[in-house]
Amino acid sequence: MKKYGASVILVVILLAAWEIGARIVNYPFILPTPTGILTKLWDLRMDLLFKHLPATLSIVVIGLLISVVLGVLLAVWMNWSPLIERAFYPLIIASQMIPTIAIAPVFVLWFGYSIWSKVIVTVLITFFPITVSTFDGLRSTNKELKELMLTMGATKKDIFFKLNIPSALPHFYSGLKVAVTFSIIGAAIGEWLGAQAGLGYFSRRMMTQFDAAGVFAPIVILSALGILFFIIVVGFEKRSLKWRKTE
Amino acid sequence: MKKYGASVILVVILLAAWEIGARIVNYPFILPTPTGILTKLWDLRMDLLFKHLPATLSIVVIGLLISVVLGVLLAVWMNWSPLIERAFYPLIIASQMIPTIAIAPVFVLWFGYSIWSKVIVTVLITFFPITVSTFDGLRSTNKELKELMLTMGATKKDIFFKLNIPSALPHFYSGLKVAVTFSIIGAAIGEWLGAQAGLGYFSRRMMTQFDAAGVFAPIVILSALGILFFIIVVGFEKRSLKWRKTE
Amino acid sequence: QDKENKAGDSKKLKDVTIMLDWYPNAVHSFIYAAQEKGYFKKEGLNVKVQFPANPTDSLNLAAAGKVTLGLYYQPDVAMARANEDVPVKSVGAIVRSPLNRVVALKDSGITRPKDLEGKVVGYSGTPLSESVLKKMVKSDGGDPNKVKLVDVGFELNSSLISKKVDAVIGAYINHEVPLLHKKGYKTVDIDPSDYGVPSYYELVAVTGDQTWAKDSDTIKAFWRAATKGYEYTEKHPKDSLQILLDNQDKSNFPLEKDVETKSLNILLPKMKSEHGFGSQTKESWQSNVDWLKESGLIKKKPNVDEMFENIGESK
Amino acid sequence: MNKSVLSFQNVSFTYKNGDQAILKSLNLDVKEGEFVSIVGASGSGKSTLFRLITGLEQQSEGDIMINGQSYEKRLGKVGYMPQQDLLLPWRTILDNAALPLELHNVSKASAHRQVSQLLEEFGLKGYENRFPSDLSGGMKQRVSFLRTVLSGSNVLLLDEPFSALDAITRLSMQEWLLEQWQKRKHTILFITHDVNEALFLSDRIFIFSDKPVSHLEEIQVPLSRPRTQKDLNQQRVLDVKDYLIEQLRSKVNT
Amino acid sequence: MNKSVLSFQNVSFTYKNGDQAILKSLNLDVKEGEFVSIVGASGSGKSTLFRLITGLEQQSEGDIMINGQSYEKRLGKVGYMPQQDLLLPWRTILDNAALPLELHNVSKASAHRQVSQLLEEFGLKGYENRFPSDLSGGMKQRVSFLRTVLSGSNVLLLDEPFSALDAITRLSMQEWLLEQWQKRKHTILFITHDVNEALFLSDRIFIFSDKPVSHLEEIQVPLSRPRTQKDLNQQRVLDVKDYLIEQLRSKVNT
């Protein structure tokens, strides 16, 4: 706890400055106070938690699941076949330099206002970190270890399950950590483009109501969601990478 | 070139499949053909290149400059003072788990349709990768090297300029590469939220016109911009990190 | 292109930004006419026209003082003022009766509000549209809760013809509807006032309280010039349409000449008032507030006098 | 010392992407139970020899016989211990040592039993559930050697196993290795750069001279067993040592 | 061998976060031009001694005199060469070697001139504009030593400089180091785990025994100079060696 003492104090100072500043400016529909946001959060808790949170959550979870499955499969495939690697890897790297999110509005045209247009946006921005990190992980397999296992008579399958997968795991988790935070952003942006529920949708809707506290309240929940997901991934990571010394 | 042969073939196959698929589906206002997009690109070239591209470009460049300056300063400050590090670093890490982009619409209220609302969005999503990577870079300074230099009578300033900065440089470039691609996305998203020009704005506007080719055309330019920026950064990186063996 | 930015004399001119409710179309002819004919400049104004990226930006930014004037819808202004104390007021009524329609494609089989039960309706995310629609369905004997509403931002037409929604509310009889017709789509248009919604000013010009306090003279000057622009438009509809077409944002929002001609024909009578262009009545505001209160869109009773400044009449 | 467990017959080898041949019709013969060290300049092809024996590389000409047999696919026929310990960091000591058994489809329970029986002897008792990162360099090498022993082969190839250890730890490990070897009757081929190490451990020493290697100079170590470090101070051993150093240095330019 | 260049007078030291004292009122004395090796079990405090001499750590009691003087801040007073080569990877060989000169505010041109004059002698001619990653281990150690020499101090502390090199390269480096030492008349303190190395190089050998170190056992190497590796085969040297190994092994458990 002591480790984060300074941070906590800084947060308190920043919040206090915000509170005071916002009260002085006194433009609540543009600049809400932190206490105003909290009050709003409390007022709207039922709607936010039981209507909008589930909507966003399902986008995030479905999107992440699809990304993980597709990403890992593609990574394994690339690792398995040099031809596939040569064909796909440069594309995947290049596609990260492309603002794929900018075509998100088109998905609304394709998939309508169903959950899928938002899921696709989420997949689009989480797929690449997962694929790239998993593949880099598979590729990071120590060549000497592989040769050593071969000298013990290991089959391709042995190498894959006993060497490639454990080697890739830490990288996979790094990718997943990035993807998890991206997924929240993807869902929120997806919801801006057309939705009937969801925290991102609700936040933007509150803009149209000139309710700045209402804009921030769902974002507080989104942030909590982001941090929660991150912690969950770190928990899984710790469990399955017990052998790693914490630096 | 041979290295990318397979990729090029894959791209050609994908484009061909798209072209044929789009022609069969024949819903040009939802699903344009690649050739349709190219034609549109050519038709709109003057507007796109001389009106919208400069708008987006200035957001990206100003945003990146601000991020680099602020990010590097904060990183150096954190490296210099353990108290500042303890206060800021956990916050910066935590803030990466927060969908900061979701508050972007508020900036439109604060800054109107001026360039600054978009610049702030760009700074918001590029500041963290630059700060974190620069700081990690500074922190990665080999402790033994530092001690060795101390035994040679090095001052704090010597250590900073002759050891910390060169050590941090590769990390800084990694951060910058991430930031550059993020900056394009940030500018595009910022433009969705309030702009009168810019490639992201234009793309979204075309949605209203049932002009799917017009939606994609500016995205092609955005992508080219992303790749160009990335290549420029890689160029700088190669020049200043000559000593690094290409793996 | 940027005639408003002619260098030199613009130095002495007072800068005014006006954010339209949407992309330039026939309803904005009077502004472009005033611009082109130099009426603004004569009043010492340098007027800059902006288009909104989001449906509510013209009100938001006017309230925040980021634009001098914004074009918006009367009931929404009343609600913003009443519910969130958003410091905006209307300074002029531009279109004096509703243009807003519920529009569905003919082949959808929708003919009346009750048919919307179980259907998806797209709208630009304003709470008013929600209430109007509910009111319509209810007065037609349907269950408003069975209608699914989707915020589609500005994408009213594209969501309709790509069949992502079954109907839209917020489409204008003078714009979206003719456009759809021109593209070969047959439509069903339902007028809200046929189903229990009272008449209101479709389009008003709003400004922030602070802007008003600081720059009311500027705004009055603007209005004088705008009125001249309106009068010119009324007398020379063809010419002013041409001015508009010359000023259109071609790459972003190309206008169809015949559509805009039709549109202006519909609009001109709706903009006319014997008490002067832009004049407003307290009764109109009061009846809207009453209706909004009744339908639960307004929680507390607001002060109607704060909501508008009747500068059109005071001329 | 009777049966030949490993023999090369006119073996030639060139790396596919290498321009120079490494071995050229090389003959060699190692008898059962021998301890043979291989010394030679860096890059002379010592590790390559091991890669050929294990089957990681295939000779372009000639025959490699293990226990009198020539295999199409030699992988899995000999035990190989590389320079670094190369333990799998995510496996416990027990699981690391059990790896070759696992790969031979021995059931987990039975593999663990076999390993457990040997742990004490290898000085690893109490560490079975630790991860490699918890162990000292010497202990890691013992796990690595245990794993090599458990490969079940009678021929063990050790490629500079102790080069990363400090001088004193190294001495203990040498003695310990000899003990294990005498107990288990394996045939050991041992690559080293350290002449003292080669002398202390081996029956014979092969010297790798210039490339391509077509002939190995062979030295018989003039010592009986058991040996102690002090035996290396005998004059005839010192003479051999000086000769070896001479041989090696002539090829080295630092 | 006259003037004392380094002396410890009742020096005690405990790491701030350590529970046990490392040194306890230790006395030692090194004369000008001596070559002293320090051997001792791992963790006995050899590197800590160097950290004290360089000034990276401050003694809690006692006095450390360098060239007869006691400094408040000792940093920069002696030349220190760590175990790994620790070259700056982004600097060329020339710039790496010139680093201590640069830190003493010698102009770049003059620093480069000084380095260039020495490059040939250090076997680095032609490599001045290469980066460290292009060099072999032995060459990197020579750059590192060159850098240490250029620190300008008459006392050089070398902490296991050759432990990462292979045995043969190591022998050449030892001979080369002796050559340099004899030419330059530095005083050298040299930490090693390798008894042969210590015997071959040193005038005296200090043995670090159990913690806290309060007394150093000292051994005079019974050899004159110049020496060759063969001299280590002399019986009296072999006796000293056996004694040293005995001493060290008693403290080690692998």
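Lettered A, B, C, D and E in written order, each chain numbered from 1.
By our rule, a residue touches a chain if its C-beta (ideal position, glycine included) is under 8 Å from a C-beta of that chain, and two chains touch if they have at least 3 such contacts.
As the structure is a prediction and not an experimental result, all values here were calculated from the model.
Touching chain A and chain D together: no chain.
A straight line joining the Cα centres of chain A and chain B is 18 Å long. Mean C-alpha positions place chain B and chain D at a centre distance of 52 Å.
Distance from the chain D centre to the chain E centre is 34 Å, each centre being the mean of its Cα atoms.
Between the CA-based centres of chain B and chain E the separation comes to 49 Å, rounded to the whole angstrom.
Residue positions 54, 60, 64, 155, 158, 162 of chain C are each in touch with at least two other chains.
Contacts with at least two other chains are made by residues 30, 109, 204, 207 of chain A. The complete set of chain-chain contacts reads A-B, A-C, A-D, B-C, B-E, D-E. Of all residues in chain E, those touching chain D in their complex are 41-42, 123, 136, 138-139, 163, 166-169, 171-173, 176, 192-197, 229-230, 233, 235, 238, 242, 245, 248-249, 252, 254.
Chain B makes touch with chain A in their complex at residues 3-7, 9-11, 30-31, 83, 86-91, 94, 96-99, 101-103, 105-106, 109-110, 180-181, 184-185, 188-189, 192, 200, 203-204, 207, 212, 215-216, 219, 222-223, 226-227, 229-230.
By the touch rule above, chain E contacts chain B in their complex via residues 54-56, 75-80, 82, 84, 86, 88-91, 99-100, 102-104, 131-133, 151. For chain B in complex with chain E, the touching residues are 142, 144-145, 147-154, 158, 162-163, 166, 169, 241-245.
Across the complex, chain A is touched by residues 54-56, 59-60, 63-64, 80, 83-86, 120, 122, 125-127, 148-153, 155, 158-159, 162, 164-165 of chain C.
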